[in-house]
Amino acid sequence: MQPHTPAEAIERVSNEIKRMGSTPHLSTGQFRTVIGAVGEEGTLDPQHLASLEGVEKVVPIMKPSKLASREFHEDDTVDTIGGGKSLFGTPSPEVKVGGTHAVSIAGPCAVENEQMLTKIARHVRDAGATVLRGGVYKPRTSPYSFQGHGEPAMKWMRATGDELGMPICVEVMDTRQVELMEKYVDCFQIGARNMQNFDLLREVGKTRKAVLLKRGLAATVKDWLLSAEYVLSQGNRKVILCERGIKTFEDSIRYTLDITSIPVAAQLSHLPLVIDPSHAAGKRDFVGAIALAGMAAGAHGTIIEVHYNPSEAQCDGPQALLPETFKALMGKLKAIAAVTGKEFVEAGELVG
Amino acid sequence: MQPHTPAEAIERVSNEIKRMGSTPHLSTGQFRTVIGAVGEEGTLDPQHLASLEGVEKVVPIMKPSKLASREFHEDDTVDTIGGGKSLFGTPSPEVKVGGTHAVSIAGPCAVENEQMLTKIARHVRDAGATVLRGGVYKPRTSPYSFQGHGEPAMKWMRATGDELGMPICVEVMDTRQVELMEKYVDCFQIGARNMQNFDLLREVGKTRKAVLLKRGLAATVKDWLLSAEYVLSQGNRKVILCERGIKTFEDSIRYTLDITSIPVAAQLSHLPLVIDPSHAAGKRDFVGAIALAGMAAGAHGTIIEVHYNPSEAQCDGPQALLPETFKALMGKLKAIAAVTGKEFVEAGELVG
Amino acid sequence: MQPHTPAEAIERVSNEIKRMGSTPHLSTGQFRTVIGAVGEEGTLDPQHLASLEGVEKVVPIMKPSKLASREFHEDDTVDTIGGGKSLFGTPSPEVKVGGTHAVSIAGPCAVENEQMLTKIARHVRDAGATVLRGGVYKPRTSPYSFQGHGEPAMKWMRATGDELGMPICVEVMDTRQVELMEKYVDCFQIGARNMQNFDLLREVGKTRKAVLLKRGLAATVKDWLLSAEYVLSQGNRKVILCERGIKTFEDSIRYTLDITSIPVAAQLSHLPLVIDPSHAAGKRDFVGAIALAGMAAGAHGTIIEVHYNPSEAQCDGPQALLPETFKALMGKLKAIAAVTGKEFVEAGELVG
Amino acid sequence: MQPHTPAEAIERVSNEIKRMGSTPHLSTGQFRTVIGAVGEEGTLDPQHLASLEGVEKVVPIMKPSKLASREFHEDDTVDTIGGGKSLFGTPSPEVKVGGTHAVSIAGPCAVENEQMLTKIARHVRDAGATVLRGGVYKPRTSPYSFQGHGEPAMKWMRATGDELGMPICVEVMDTRQVELMEKYVDCFQIGARNMQNFDLLREVGKTRKAVLLKRGLAATVKDWLLSAEYVLSQGNRKVILCERGIKTFEDSIRYTLDITSIPVAAQLSHLPLVIDPSHAAGKRDFVGAIALAGMAAGAHGTIIEVHYNPSEAQCDGPQALLPETFKALMGKLKAIAAVTGKEFVEAGELVG
């Protein structure tokens, strides 16, 4: 409360707290009174309290997220990507992520055609990746840039994944795409710019596919966990967090990968977390160092873009690793994982 | 180019520039060579160039936005909100914004019921507002917060706007809402978190309603203009930019309203720009100072939240102005507008 | 406290709070216990408390600054710059700043020679400026840039100020300069990069000259007030805050002038606050809009760089206003000041 | 140049470039002309060019730092801390850092008394640290916090370092302290808040002691290298960069350690770089993960705060590691170093 608040105003705030089902606790000092309110999560409206007369500041102590929080699920969650039979009738292997299981997701930025996709997929599988990524709808800052091939590209992804025994992960951009994509993909990727596209979160929350949720460029770890909560609250428990860098003043690299978010999220939440060094770096020279740092900080894996001819890539070529660089990096990533008590899954297990 | 790049690499880059339809211009210095490439916008792919051997850095000099830029439309654009007949057959007045015309958009954060809406609408109209705002779908960080009343609330908005002669402005959150909302509203609001929801931008770009495009919390002015370009490129020229604050390290206020974006956007673009001091401030004490600053910096108006009983508001009560405070503020805003050569439109002109 | 903290840990924290002279107040909920501690400012060490067993988070409610805060000095402070006799025996006029008094400080970025200084000083005085600024030691990011003329330039400043009846404001960079500069100047300027140079703050705090304290590029408003506290705690009460922009991700302008800091600082502190639009803008095209915005938000004046031939300025030419532009801007600034209940001091009053 | 700039303005800019000793290269396109200027570093003034008529933007391609850059010193620099005889006549071992040599610097935040210092020093030496750190002048945000014991603490540091065979690293805050401290310490630490205290940088640049230069909270990697340049340009080549986190919007941790700065700085500069996970984390729970991440990203060592009784530390207790935690961490850090081709120096080599 503000200094010198009259007793009636203090009583009014106390009564409001009671009305909302919580218990007010007063601490009266020389200059001001602090009112504590303890109760069930979500029953108190801090904004309402803040607008009452005499209230200087409302400080929430309880965490706003519930299903995503360690308080409600103490142990690490181990999610699975894939499993069951694919649209084309092929059994899809199941890949674990979380706890001691680290995952390597890799592939091209955008799926350009079936040949390039198959070629890259073989390269990344041989290097140790177990989940295939590839963009079919591309979120581009400019309306004049290449926007992706849509459904045909999804078919190529599914066919390639089935052939190589790799579950597939594809970005979804619009609620209207969810129904169709659900038939094809094993894991929905939510891009950074859609982290607070709440309708989209709810739609993928209604499916039972894994959801790779990238952190927004201006989102705090708490905002990010609240977005995970949108998915979880619809009944879909397979959320994988993905740190991919935040906007800061530093201009010598595209985004600042926030390594500190990894131990912070691990303390607040039981969800697995992978990192995307490719989009943070924006330049292949820096991808390796960032990937290693992320694993050392405790991540449960990486999602990395690879291309055998980056100078011809239709999208984000400068950040794509060459297949041989990616292979060498996987070796180091495994060595780092061993230091932090994790192990990269060698290949998807067939459970269908 | 990097220092000591071999001549063949330089020639290869030059040839690539030619292949893309532009003309390379070489500047050779003691240590390094700089290659200039001049041509039509959009024909050169800077990422492709950056991935070629020997290229150290690609510096784009041409602006990426076209239809939003001053180079293609030198004079200020004057947009209109409203006009024609409403869904209920009532002629809707047309309100100008841009150039010397300033607009005052006001109303509650969320439409809670018809009575509160009418009451607030009368208050803001009497104070000088000419466009009515009100949320029917609410983007909330937490899935457990109030999410809006949907279509019924849109009907109340339309009826109230018709009764009081005010065009209405409502936030759209999902592509699936556009078709229905187009029937009701005069102006689509795109929230900060959806500024790069490219599918949504395209959908509202296909309508001919005004689009109030809020700046994303981590978007540069250039990103923002590229999002405007998504709408403009679909044929809808009625884009109104809205500055509402960016994420910075400062924690004593919700967001940092970026006043410098106003002259920067005015130099780069011909589009009108209004400011939203309510969401930046997050607290009513600061709304007035920020609103005045925005007008002084050259904005074409304000969008402000008002509530006669903020402590009972279902959403963002602490930032809502009381009707009498809003009225007093409008007086000062008009005085500031006069200093910067603008005038608040007194009431919508009937043109339907 | 963390959930399920044993009673002994809670008692230990309570005892520590008592040991530090404050009173603990317990609020026990279903999941956790919150301990309030109310006492004299500065007697509690939040870091010590945070390190005790079972403590999850320490939330300071009391403000850390004392002499700078509104709680200890409710009314606006009106500081004075100048007064008394100068080193050369000339009476120096006294200029007020704070409360309803706005000040216009202007001059060149760096003092290049006596002729240019006199010429610019006449221009800015004729336009309405009442305090003369000019750099004699220049903080430059690169060691290879022009670093200022030192003591000779200070003599020119003093002589010009005496001749035109304007108190002078000069940046101090090093504790070893304070003794000498104290003889010459009426106002010490502390640059943004030195805002937390605590030894320097203490040294100028020991003088009785006005101190213009620029906000650091990464400093919160609270950090800034704590730096003011360093000066105030040495007995010097003449602190003038100066907002000059913060570092953000936005790259189309040099710094983001944080307009929201003006009402925030005014709510927390009684100290006068001026803005420096020149260094925020970095480019003269944007200086005017930012200056007007600052005054509209409630600033007590401006500090602006002016040069009659910016293309030959040794430092920061691109941001210097031409004398005629500055004159026109002063007219608008006065009009804005009238709207916010302030008045620019017309000329320094002789009180010596 | 701006579109449609007249030919005379273009010629004037070209002549200015020639006058400054460089060669202008024109690229003329349909809409605009780009002028390239190639010449010796430092001879061109971009600010002057930016202020000429018709100039839209000046884009510097050459790097502003020289002695710190890879272009002028291609291989990694290996610096040494210590060596020679100490003030008390004891030979001081020499510890290498840079290239394949990693260093572990550790000790208390502030030196509180000789007993605690000796106790902690023994702990960290036994765990594998080879350089002792300890604050004797403390930069504190509030003037009411503990400010350090000054010269007596320096004596304790020297005596303890001599006894245990560890060179010592102590923060310097003011130019007036340099002369005295030079007698005692082996390595000057420049704090983040003083990174652009240019007079202080020059003073330590005149000594021949190692300088640990922390990155400023709002400094880009380029700003940081320019601050290193201030030291190097005075003849002192023993600069060690230290990343300790930057200010961002994220509020769940004190600062965001910018892991991406490690590969970026390594590409631009030959200087060794260590990380300070303690000050970034602000909380001991996160120190380990950040330290491991920094080493994985390519750092040449760590500087970590350790205390055997953090709850009684006079400063930053919550971030101090317990001796046993530090020892366990050192084991993991060595394992990570092996992956990135580095090795922690086991103990200082006596070369005096």
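The chains carry the letters A, B, C and D, assigned in the order they are written, with residues numbered from 1 in each.
Here is the rule we use: a contact is a pair of C-beta atoms (placed from the backbone, for glycine too) under 8 Å apart; a residue touches a chain by one contact, two chains touch by 3 or more.
This structure is a prediction, so every number in the text was calculated from the model and none was measured.
Comparing the chain pairs B-C and B-D, the larger number of C-beta pairs in contact belongs to B-C.
The chain with its CA mean position farthest from that of subunit A is C. Between the Cα centres of subunit B and subunit C there is a gap of 33 Å.
Rounded to whole angstrom units, the spacing between the C-alpha centres of subunit A and subunit B is 28.
Centroids built from CA atoms put subunit D at 41 Å from subunit B.
Touching two or more other chains at once are residues 218, 246-249, 251 of subunit C. The residues of subunit D lying in touch with subunit A in their complex are 218, 220-222, 245-246, 248-253, 256-264, 267-268, 280-281, 285-286, 289-290, 292-298, 332, 335-336, 339-340. Subunit A contributes residues 3, 23, 25-32, 34, 36-40, 57, 59, 61-62, 71, 247-249, 251 to its touches with subunit C in the complex.
Of all residues in subunit D, only 42, 47-48, 50-52, 64-66, 139-144, 173-176, 193-194, 196-200, 202, 216-218, 223, 226, 229-230, 233, 246-247, 283, 310-313, 315-318 touch subunit C in the complex they form.
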